[in-house]
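What follows is a group of structures, each given as structure tokens.
Each of the two complexes below includes chain A, the first together with chain B, the second together with chain C.
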Partner chain A sequence: MRRRSGPPGPPSRAARALLGALGLAGVAAVFEAIPRAGIVSPDYLPPFSTMIAALGREAGAAPFWRALLDTIEGWALGLAIAVVLGSVLGVAIGSVRGLRAATASTIEFLRPIPSVALIPVAVLLYGAQLRSTLLLVVYAAFWPILLQVIHGVADVDPVARDTALSYRFTPWAKIRYLLLPTGLPYILTGLRLSAAVALILAVTAELVIGTPGLGKEIAVAMASSAVPAMYALILVVGLFGVAVNLGVRALERRVLSWHTSVRLEAAR
Partner chain B sequence: MTAARRLVMLLALPAALFALWWIASAGSTSFYSPPLRTILAAFGPTWSSRLTSDVLPSLARLVIGYAGAVILGVGLGVPLGARPRLRAVAEPSLELLRAIPPPLLVPPFMLLFGIGTPMKLLVIISGAIWPILLNTIEGVRAVDEVLADTCRCYGITGARRLRVLVLRAASPQIVTGMRQALSIAIILMVISEMFASSSGLGFAIVDFQRGFAIPEMWSGIIVLGLLGFALSLVFRVFEARALGWYHGLRRPQRGGA
Partner chain C sequence: MRRHALSWICAVTALFALDCGRSKSTTGGGEPETKTETKAPPAAGSAGPTKLSVAAIAIVDVAPLYLAKAKGFFTEENLDLTIQNTQGGAESVPGVISGQYQFAFANVISLLLAHSKGLPLQVIAAGNFSTGKAEDFGGILVPAGSPIKTMKELEGKKLAVNQIKNIGGVTVRAAMRKAGGDPDKIEFLEVRFPEMPARLGQKDIDAAWVVEPFLTVARNQGATVLDWNFADTAPSLMIAAYFTTRDYAKANPDVVKRFTAAINKGLSYAQDHPDEARAILLTYTKIDKPIADKLNLPVWTPEINRASIDVLAELMVQDKLVTSKPDVDALLK
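Entry: the complex of A and B
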């Protein structure tokens, strides 16, 4: 940072909030102005105010809320299954050295397989049901958790491990005092990545396969040329995504309040 | 571990899983999960003819879209990372735009840009740009202050400063973002082709599924898996070359090994 001349240092917290609000208002203004100025036909990109009006109409009707709940159900259930599976397998693989070496190549092969490749399988096996969504969500959300947990378990301090061994910790005590304190930050990082991926796959499944939820409503709105409603629904999914990100970050701060990384950030 | 033992470790589980799939599906009469033998028999005839009509167009779109995401992500990330005020203005808007799942952008992009290649490229770019952009911002923010001061003392400015200081210092983060963006780009390539298309891997797989050509569909899923795996290998080679200096620097700091 230059101190005497040039751009000033980082703005204060209040200034940041104000500037951020200005930025959002600017984006809204651009989306209002582009169709009004005729750069893009309003039939394809309605002005921002029209989108908001459509959002208001949607929010007054029951199907919108049912679709939102369907999306949340697929997302939350899939994420929960992925977290449990990923943690259990991650601890098992991470704590046995031979297992880690033996599974590494398989994980490296399976992980880059795009989860959307499973869409046809889901369609054939389950059709347009919640289980189709779950198959995709669980597959995609599983890998970040698994990899983070494996890293977390491998990261346990060798001295602490030997100490636990000397004092003959029970398995439960080992989990509580050895694995959890080291692994928790990794699990939460995995959770943050997985929560975002799970949302993407949940709405993608709804959009492509037609399982009930916001994604399906977007496809329906597009097919029936309800363009403002389509944009309004996309905005809702975006806002839900922001809420998910903020929620996981708040959880991270709470659960890890004892951890150095969070304490450092708080001290800043 | 000796090389031979490492090779066994590397191949044992994949071979076992493959054998398990082969044996478990050998007597399969289920229409939806045919024997692996049938799938592999369908593999050659299906993809030798579709290599030029589906696989190559898909790959071309992937490469162009990915390159666009890298250029835009780094190009926007450098000014945003260097200017705190600009970052404060843009941050909430970026948070909102980033939270919109990129596959949802397919319907509006189809309205705005039609169903041709530009739409598919834009879908890939709009999804793959985020990890690169955010990592570039973080990397540029964290440029070492002593190095920055040194550059100022020596009067290194402009394009030269960008090349020797800013981009070099941020490159480990940028490469991390590029790695995450690669898998996103593959996913979006497939999804954009599933909607409205007459060529491409995503189109082919959905086409097989709709025509109930089940062994061909499974072989397409295997092609996608191999593609993802191959690209992650290529990326690892690229990373080892581009960041060799960085890994060499970190090794002694991490205490040998």
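Entry: the complex of A and C
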């Protein structure tokens, strides 16, 4: 996996990390300065240091960690279901021409329905439970994966497909040597899109419906007029988002180390 | 190509089977729970505590529920209570109707509205009450330095409530009538409670109907009280109640009786021990301790105030929330 072929590899990555950290520090400094300078009332936008202090208090109590785990559970489980469903259906739809034509208009009808519009349905079906979160997360995260996989399957090189046919590849060999190499980059692109969308919907469900998780804690903080705690929890959600993005990128680099797009990026 | 497609269809069905298995197992986990609920009452003593789920919004009003749980009042009645904190009546009513929660907490107007729409709800215990005098847990605030000194001066002014067609709007209009003003001349707008202190601070609204803890927060920031609208509406106005469905009450009279006994004990206990009520706030809300120590608590008592519900039911007709007076008797059983 360690294929840092270009000479300026490691230092540039360190430099990039440093610049990223500087950027974050800059944002923190701005959020510290604005309320202190009186541009916005600190009652509604507390200084960054106050938010961090509130975060410390939150992190010192068990409910915070339970909420964090609940959010991770809703996100991960929803994303996993969406990835499996999306990949399986995507391959099925993508490889059967008739099925593709038959489902195209249905997909185009269902896909633009915003997941948040399903909140009333989720409330009626499941109430303030994990399953409500899952309904929203799966619905939102499913479409990017499905579409990517459908396109990925369609992208299989016809010559390679014919070759596989002539050599009477077993179904497993077809998946391993034909579908996966073509489809994997598509799946991972879909995964990257879906991972972010899944987090947004997980927190939205918690915030609006009150299913357990960080979103609900934010809502409770808001209903308690605990402004610094509210911002602290929002920061945590933001950091979670950064971690999700870094994680998917790392996965992409590992799984697609052989792919041109990743090799180009590494060489840069 | 055909065999290729076939292998995929097999994979798809296999995964679906997996998924079906998963969802079956989760619903399977829920089923015995509902079964024990219906079975438990007759076998109460022997078969362990009855599992119950109660929906309640995490606000000051439901402190007795948390206090009763912490004090073991539900355990004494052989009830194993889970408090689900939802975001308000919009979820608790459908949740109770669909059976996800056996009981829930909602304000009287929401209950009367749901009832007059044909939802078979039944009140099983009092929730909370206005103090009926100055220093209530909800009131009308004006920004610091506001020229408005009397209710009548609100004519033509912008007043924020959380919901116009609910307890806020109805009681503000009642207070305006009592002051001799025309409630139709108030320019109502809907603002969520957490945003009200900021809106008052920016003075882009002339007044706001605010409940605790935002009442104390806004007053700490300089807003002043113009009127105690609950007290103007009816003496010791009952604001909210605990409820279930008529079907559940009919099928499980014993569970309902035990729940009512426990929550009633909690209501009296909270009223007699305000310090403990304030302390329990810190466990289920994130209200800062200085605010929790200072805020106005509602009155808690097990006595359902029938007369005040009648007043609200009549006001609902007058304010055109409903076309005919809701059947208060049916709601109270």
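The definition used in the following text is that the second predicted complex is superposed on the first by the 246 of 268 C-alpha atoms of A that agree within 3 Å, B and C clash if a C-alpha of one lies under 4 Å from a C-alpha of the other, contacts with A are read in each partner's own complex, and residues count from 1 in each chain.
Going forward, contacts are C-beta pairs under 8 Å (C-beta built on N, C-alpha and C of every residue); 3 or more make two chains touch, one makes a residue touch a chain.
Nothing here was measured: the structure is a model prediction, and the numbers come from that model.
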{"item": "Partner chain in contact with A:Ser95 - chain B first, chain C second, else both or neither", "value": "second"}
{"item": "Chain B versus chain C as contact partner of A:Val208, first or second or both or neither", "value": "both"}
{"item": "Contacts of A:Leu19 with chain B and chain C, given as first, second, both or neither", "value": "first"}
{"item": "Touched partner set for A:Ile81, first chain B, second chain C, both or neither", "value": "second"}
{"item": "First (chain B), second (chain C), both or neither touched by A:Ala226", "value": "second"}
{"item": "Chain B versus chain C as contact partner of A:Ala173, first or second or both or neither", "value": "neither"}
{"item": "Touched partner set for A:Ala160, first chain B, second chain C, both or neither", "value": "neither"}
{"item": "Contacts of A:Leu124 with chain B and chain C, given as first, second, both or neither", "value": "both"}
{"item": "Partner chain(s) touched by A:Ala33 [first = chain B, second = chain C, both, neither]", "value": "neither"}
{"item": "Touch count on chain A, higher of chain B and chain C", "value": "B"}
{"item": "Footprint overlap on chain A, where chain B in one structure and chain C in the other make contact", "value": "44, 123-125, 208, 219, 222"}
{"item": "In the complex with chain A, residue positions of chain C that touch it", "value": "1, 3-5, 7-9, 11-12, 15, 19, 26, 55, 57-59, 84-87, 91, 94-95, 98, 100-101, 193-194, 197-198, 201, 213-214, 217, 221, 285-288, 291"}
{"item": "Touching residues on chain B, where the partner in the complex is chain A", "value": "1, 6, 9-14, 17, 32, 83-85, 88-93, 95-108, 110-112, 145, 183, 186-187, 190-191, 194-195, 202, 205-206, 208-209, 214, 217, 220-221, 224-225, 228-229, 231-232"}
{"item": "Residues on chain A engaged by chain B in the complex (per definition of touch)", "value": "1, 7-11, 15-16, 19-24, 26-27, 40, 44-45, 101-106, 108-110, 112-121, 123-125, 196, 199-200, 203-204, 207-208, 215, 218-219, 222, 227, 230-231, 234-235, 237-242, 244-245"}
{"item": "Touching residues (chain side chain A, partner chain C) in the complex", "value": "41, 43-44, 81, 84-85, 88-89, 91-92, 95-96, 123-129, 131, 165, 171, 174, 208-210, 216-217, 219-226, 229"}
